[in-house]
Amino acid sequence: MPALKFIVEAALLAADEPLSVERLQSLFEESQPPSRDAVHRAVIRLQEDYAGRGVELVEVASGFRIQVRQELAPWVSRLWEERSMRYSRASLETLALIAYRQPITRGEIEEVRGVSVSSAIIKTLQDRGWIKVLGHREVPGRPALYGTTRAFLDYFNLKTLGELPPLAELRDLDAIGKQLDLLDSQVDEPTVASAEMPVDASEDTSADTSNDATPDLPSTPETTT
Amino acid sequence: MPALKFIVEAALLAADEPLSVERLQSLFEESQPPSRDAVHRAVIRLQEDYAGRGVELVEVASGFRIQVRQELAPWVSRLWEERSMRYSRASLETLALIAYRQPITRGEIEEVRGVSVSSAIIKTLQDRGWIKVLGHREVPGRPALYGTTRAFLDYFNLKTLGELPPLAELRDLDAIGKQLDLLDSQVDEPTVASAEMPVDASEDTSADTSNDATPDLPSTPETTT
Amino acid sequence: MPLVSELSLDSAETEILARVRGEPFLQLPQDLYIPPDALEVFLETFEGPLDLLLYLIKRQNIDILNIPVADITRQYVEYLDLMQNMRLELAAEYLVMAATLAEIKSRLLLPRPTLDDGGEEIDPRAELVRRLQEYERYKQAAEDLNALPRLERDLFAGSAPLLEREVVRKPPPVSLAELLQAIREVMQRAELYTQHQVSREPLSVRERMSRILETANSEGFIPFTDLFEIDEGRLGIIVSFLAVLELIRESLLELVQSEPFALIYIRLRT
């Protein structure tokens, strides 16, 4: 027969509720249950075994229970974590500008975006570990220069930033989109069904033209990874 | 910070399903998760800790799980009164056909079993999360193609379908011919045509897509329950 | 009740066929009265005509590859008769199988054998043998599956509750497509995108600029040659060189050389 201690351990871990000494005794053949004392001693030896581990054996009103140590809650709770709100457009644009124009100061980001960039956005991106301060520009105010981190590359599954399509290429796609728009306006019929974009052979940038009633917005190529 | 090993231990016991290495990594700050190797090492150290105890740490299809050792089932199962976990032969044969022959249609199951398969059986297996519809066979009626799930493997303590007990070998049909030749004087030159390939349940589970499913038996209510 | 005795089992048969009111039912009675509920249970122990045929074959120790069709057919039909006399409703599959057996029996008696496409002779039993074997292997597979240790019967998942969960929010997922969309939109709005020249420099240069700046920030002076690593190859060296030039152009770095032909250093522009 296996050691009493291990039967108690297995039962406590298999049960969904605390087990009393009587309940633990009932796991054995009716003719030869272990004594209350023996069960108690097994419980105490288990408590000693668990000292310093991820779980602990405690006694509560209705019996004994093995439970996760509360100190581990910060990690274990993440099993049930919820998603936060999606990033705002401002956050994404800030991140994209830092990736493409690094090293870059907040002032320079604001200049390109045409609107101010809140400290909260910078902080969110820093907390996520995607951007960091690389140094400071030696001008009045010594503004911080931001760049992306290795964690940023890892998240997007990139080995180097060089794997992102260069700006010029993104612009070329837009330019083609504009030309198509121009063609559209020359033709009376406003809808061009399934206008196929020439796809740059060098990159796996597949283009998707949706030329419905939004003439001022160029079509949006989707880059697949 | 507590040792990685204890965080893994606590998480495996707190979760009500097996946890993959990725899921365990996700318990840490996104920017600094432990490496896959580190998680693996922690798992192995835990496995060593549990050696000879009442529980063991095993790997199943969807990840790692801490479970009661099978030797202790006689005691631990007394925690529950008469928990009937028996499945009918009809259910088990249907499940076996889906496990070994997936993707497979209900008609193909019926063809092998020689009787119709009740909807209740399919539904029970689906409700348990053991089988799922993988797609449809593109023949008239578009019958659903069934396959087993990770939950099925988890439940039967398996990592992959390859760990299922091997199917009995079909005896070669030429061998049948020879035996008939020897034993059956009525037939002069008995060679058996229409040799159908036995399908193994090994790695390539998507191998069998023969849709010559023309059961010569009409569909009738299930005779057994 | 016809021919019940024909259906009797071998005396050596010890398999429990059914249970009647909890009592094991080891054999079909030789004759006399068979309790109707017993037969019903008996029928239920078969998963269909193939299962019943397998049973009839196995109990006589016949090789499945060499079925004496006449014998087996007779036993099978007797069994069905028995069931019908008991007014038990038989599934249609059982009757279809009876017809199949009868057909095989008659074809075996034909003087001219059936030929397949290639002119080869077909044993009339071949298809039945195939189906029986096929069914048998999955019947076995089901038994093997049932014998595997499984949760809730042989294995029990260990669990320990976490009493007070903390609320954790996971940062939202961002796709690369979203990021590229963002840079395109912002660049469309920015004048430099449409009117000024957009540099065609690969992004690896901007990335290298960041790394060099970081190094300069922590180390002060860096020997110019330290910026280049031979094992990066020619392309890596060009990237580093372009990065240094761009950093100097943006007034972030400066080159320092104490005298002609001395070592060149770079440092942060102050």
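As written, the chain order gives the labels A, B and C, with residue 1 at the start of each chain.
One rule holds in what follows: a residue touches a chain if its C-beta (ideal position, glycine included) is under 8 Å from a C-beta of that chain, and two chains touch if they have at least 3 such contacts.
If you're wondering where the values come from, they're calculated on a predicted model, not measured in any experiment.
Colleague: Looking only at which chains touch which, which shape fits best: line, ring, star, complete or other?
Modeller: complete
Colleague: What's the farthest chain from subunit C if centres are computed as the mean of the Cα atoms?
Modeller: Chain centre farthest from subunit C's centre: A.
Colleague: Nearest chain to the global Cα centroid?
Modeller: Located nearest the centre of all protein C-alpha atoms is chain C.
Colleague: Between subunit B and subunit C, what's the gap in Å when you average each chain's C-alpha atoms?
Modeller: 7
Colleague: Taking the mean of the C-alpha atoms as each chain's centre, how many Å separate subunit A from subunit B?
Modeller: 32
Colleague: Distance from the CA centroid of subunit A to that of subunit C, rounded to the nearest Å?
Modeller: 28
Colleague: What are the residues of subunit C that contact at least two other chains?
Modeller: Expected reply: 156-162, 170-171.
Colleague: If you look at subunit B, which of its residues touch at least two other chains?
Modeller: 10, 13-14, 26, 30, 55, 66, 68, 76
Colleague: In their complex, what parts of subunit B are in touch with subunit C?
Modeller: 10, 12-14, 16, 26, 30, 55, 65-68, 70, 73, 76-77, 83, 85, 87, 89-90, 92-93, 95-97, 99-100, 112-116, 154-158, 164-165, 167-171, 173, 175-177, 179-180, 183-184, 186-194, 196, 198, 201, 216-218, 220-225
Colleague: Okay, in this complex, where on subunit A does subunit B touch?
Modeller: 2, 5-11, 13-15, 19, 23, 26-28, 52-55, 66, 68-69, 71-72, 75-76, 78-79, 128-129, 149, 151, 155
Colleague: Spell out the residues on subunit C that touch subunit A in their complex, using ranges where they run on.
Modeller: Within the complex, subunit C touches subunit A at residues 156-174, 176-190, 192-193, 198-204, 206-207, 209-210, 213-214, 216-217, 251-252, 268-270.
Colleague: Touching subunit B in the complex: which residues of subunit C?
Modeller: Where subunit C meets subunit B, its residues are 43-44, 46-51, 63, 65-66, 90-94, 96-97, 100, 108, 113, 116-118, 120-123, 125-127, 129-131, 133-146, 148-162, 170-171.
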